[in-house]
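Below are structures written as structure tokens.
Shared chain: chain A. Partners: chain B in the first complex, chain C in the second.
The block that comes next holds the complex of A and B.
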């Protein structure tokens, strides 16, 4: 007979916890009180500015700036410009719908049950196809809107997801090529990766937008947005390739030997055994790279695309709302925060889920 | 039926300048169990790994199930589908469940459909007494259980030859017998087995032949009785004295 031993339950309440972490010594108590007061003061100031003293509607616009809080009227007035850029006003429902379709596609591809070699590409072909058709129009009574007029949030999300979706398979190819047993391929890929990495993103995008049309025949030129997305995807891929290569190197040689001894073909070793392990081993770096890429999309402004950041600048540029730049940037920051924070939480969830199989 | 499962003729192998296998000659008759032993660095693991082409050879002739794999890698795929191997460190796929570990190779190597592969996998897992763990991941199992899963995974492909490369060396002492037991059952079913091991109890119980290697050469080969009780070579005598303790 064994008697079960119950571990002692510590009877320590909130007071104990507070004392242990914040008031353990006189010095700590003083620091706690000082910083506590500062924190409360800041919170009060911020909530007064952002909520209680804020001006919310354009009708009260004349009160803006005269000692009042935030002037959110600018968002009411210029919100559409920020979210849709130069997209024609009457057609902005199309941009909204297209944006929602891409967000839905991203959401669906986050579900591990859809991760198969057939389902994911199908999903993205449909998602991007619907996005481009809706945004571009020119059929069934929808007026044509060329990609030069696309802008705002839907452009940001389109560029990000297109870069990610094109760049990821490319990164896998680069990573495998760099590990190839053929020296020409391995060295060549290594040189290419190092070359692209040593160029600034700005230069690459500028070259894609401006220099490529001078060099290639017309039929190969494509449109500017397409060229920029492809160039951005290559830039993303060379970084991601190194992350994946690190993941591949962290799998043990025993995995290769087991697959070989079982007569499994090379492609199966790569697709079924090595890549899944490489991706889970490098998930934090991959999420990191995705976050950086999302934020870097704002750089396409330079070559004349009005993504959400540039549209925000345009919103305060008109003269009427020049003083409300803080409100506009806070709004933009919130837009970025929603996406980047969502991405990070998804990464954490994925990591937790994978840990089950990887104790 | 072919009488010789594996035939090794004057095989040499180098790691750089190091001469790992020196003119090895060996025949493994079909249905028999050969145990290879020897001090570490003697080349026994290298030898067994040449038998399914995990190590290439520099010269000599190597035939497995009638297929020449000396320098013709085209036969390698065919040989690997018919020769199973169990490793010291199990080498299970950590991101897949036990069941998936057993079904995937069947699907990828011999093109079995998933339903048939699952039936076969559960059957083999049951024989190895690990079927209750089918939905678990390798890291949730003990070493002995992992090695039995690795054996089940190999047996799902219905191999004609099984290679064991120190299958119990990474196990805690209390788990060694559970692995040796299932290996003994396999030997009694007349599977052709080549096993690198120091478990002389296993050799005594089921081996048809025991081979001692030292310094890349075969020192002596004979029945277990000969090798344990009447070794001809001084090296064998010395080695047996050590492992018998």
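The block that comes next holds the complex of A and C.
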């Protein structure tokens, strides 16, 4: 006797999907309902606080902080302070423009078509040059603004990108030097990397800002921001060097030997064969390091720089808006989120793109 | 190079808190300031209630900032010549040794360690840092003893907690301490009526009061439970500069004592009521040359920045949002501790 089996009806649709994932057993149903209710309750509370009960303008300031919603008036009143720090009020358009130029430069250097030994450095020299000239002024009728007065988001972005751009080539040099066949160079670099890594970032920055002027002759002192950026870049470079070294080690020795057999010069071996693979293999860690560095820039507040976090603290530290610290921190979190999330998405996109043809 | 090494030695002694009394040999900061035509003075890395804060335009405001401006005016003739350098608490002493700043005016208490081991020198106190008690207005307390048996909210593990305990024990007042980890919690508890009173540094109490749903619900009681004299700090060995600072503070106090304000200083200069005022405002010469300044330096300070009382009112007193009572920072003839030196 044969039984005919009805072919299974392909189960589709929203209802089926919902049942399969959320209501498959009575226990799952209970959990779904409970957590769904909790989620909705939280969303309602949050949107009430952040949107519906919020106070948006300074004119309604007197209602702020009495159990009502968020007081976004603080952002209206102190937003420019948070974004620009101590930069002179009338000149803040320069800070905005400079900030946009650096963001544009970062954006452009993310385009693979510009990745070449000549184009990328040219782009950054132009980008940074424009940034510094605009921020500093002192020509063509723009008043001089010394780097002590730079602040807010432009300073954060400047420090981050300067550290990244200075630190990355330095990291490559460190990584290659550590793998050098000359023991003095290899051991020396290894010692240096371990030494710098064993010091807290705060100590290094403090030393660069405060102790270096006591040690070096005046003509070598440079300005404080410059010293801090260089010190930060070295700190970044020693970590990044280890990441790149890991990438270099992941390439097979056979490739080195093949290159040597073909008579490729060392420079070409490194630039054309090893580094592209090393960077591709270590992309997730590199993005990780970049994200950490972006967030660590807020440490410079301890040596008196008004980056965006310090400016936020200045905005709430004045008594007038003391109670609105939550709103200011939420705003700062959003600023950081935009940049860090952008960085992460770019990393993911890059990984995807590089995987094409490399199964 | 030698001076650099000497400075480094000072910073090293600072870092390791050794007992060496290194002396910075870099003489004549006053000369440097004049040559540079700006005074490098301390700000803050953020805002510090009432003393160094940044307003919405990114301009520095506050009591210490006004002192910087007064000093810049005395030496260079204009308050705009004060260049405010943002500096954290930890950074201020190394920064003055390395020459990043000329002077520290940053609510800096005069302690023996700082005075002796760090190679620093203090001016006479320009501000008496007070710890006060603030109570609920409906209790009608006139002094701390009226709050006997009350609940006092304090920040856990802070100086204030200890200072309050000492004061209460010394004065035999019973109280029930209620400790909170954070300033925000402390405020919330106070606003919710869980505390009869809180204790703290003056400006903190004032801002707590001002930000209350109804500020009049709370009153700062005049009794000071503890004080810390705050001085203006220069490197060891800057005697001329210190002279200028001390006489600048005296000029501010003398102006207040004689009722000279930024509004009426011109009138008073035209008709000086006393020989002291004549000397102060440079009508009879001498007040400037002896310090290496212009003879009208005190006049300029009073004209542009105001007298001590005006500065106080504008930044932390009745004219500001803090409404901190003058208390001990009043002149000697008004029940305070401040007095000018003798201008002869």
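Descriptive notes on the structure:
Everything below uses one rule, namely that the second predicted complex is superposed on the first by the 348 of 359 C-alpha atoms of A that agree within 3 Å, B and C clash if a C-alpha of one lies under 4 Å from a C-alpha of the other, contacts with A are read in each partner's own complex, and residues count from 1 in each chain.
We adopt the following convention: contacts are C-beta pairs under 8 Å (C-beta built on N, C-alpha and C of every residue); 3 or more make two chains touch, one makes a residue touch a chain.
In this text, all values refer to a predicted model and were calculated from it rather than measured experimentally.
If you count the residues of chain A touched by chain B and by chain C, you find the higher number for C. By the touch criterion defined above, A:204 reaches neither chain B nor chain C.
In the superposed model, A:130 lies in contact with neither chain B nor chain C. In the superposition on chain A, A:186 makes contact with neither chain B nor chain C. When both complexes are overlaid on chain A, the residue A:120 reaches neither chain B nor chain C.
In the superposed model, A:246 lies in contact with neither chain B nor chain C. When both complexes are overlaid on chain A, the residue A:142 reaches neither chain B nor chain C.
Under the contact criterion defined above, no residue of chain A touches both chain B in one complex and chain C in the other.
Listed in rising order, the residues of chain B touching chain A in the complex are 52-54, 77, 80-81, 83-85, 87, 89, 91-97, 104-105, 108-110, 137, 139-140, 153-154, 157, 163.
Residue ranges on chain A touching chain C, taken from their complex, read 65-66, 77-78, 80-81, 84-89, 148, 151, 206, 209-211, 213-215, 217, 224, 301-306, 310-311, 313-320, 322-323, 325.
Within the complex, the chain A residues that touch chain B are 252, 254-255, 257-265, 268, 272-273, 276-277, 280, 354, 356-359.
Listing the residues of chain C that touch chain A in their complex gives 1, 4-5, 7-8, 11, 43-50, 53-61, 83, 85-88, 90-91, 94-95, 97-100, 184, 187, 203, 206-207, 210-211, 213, 321-322.
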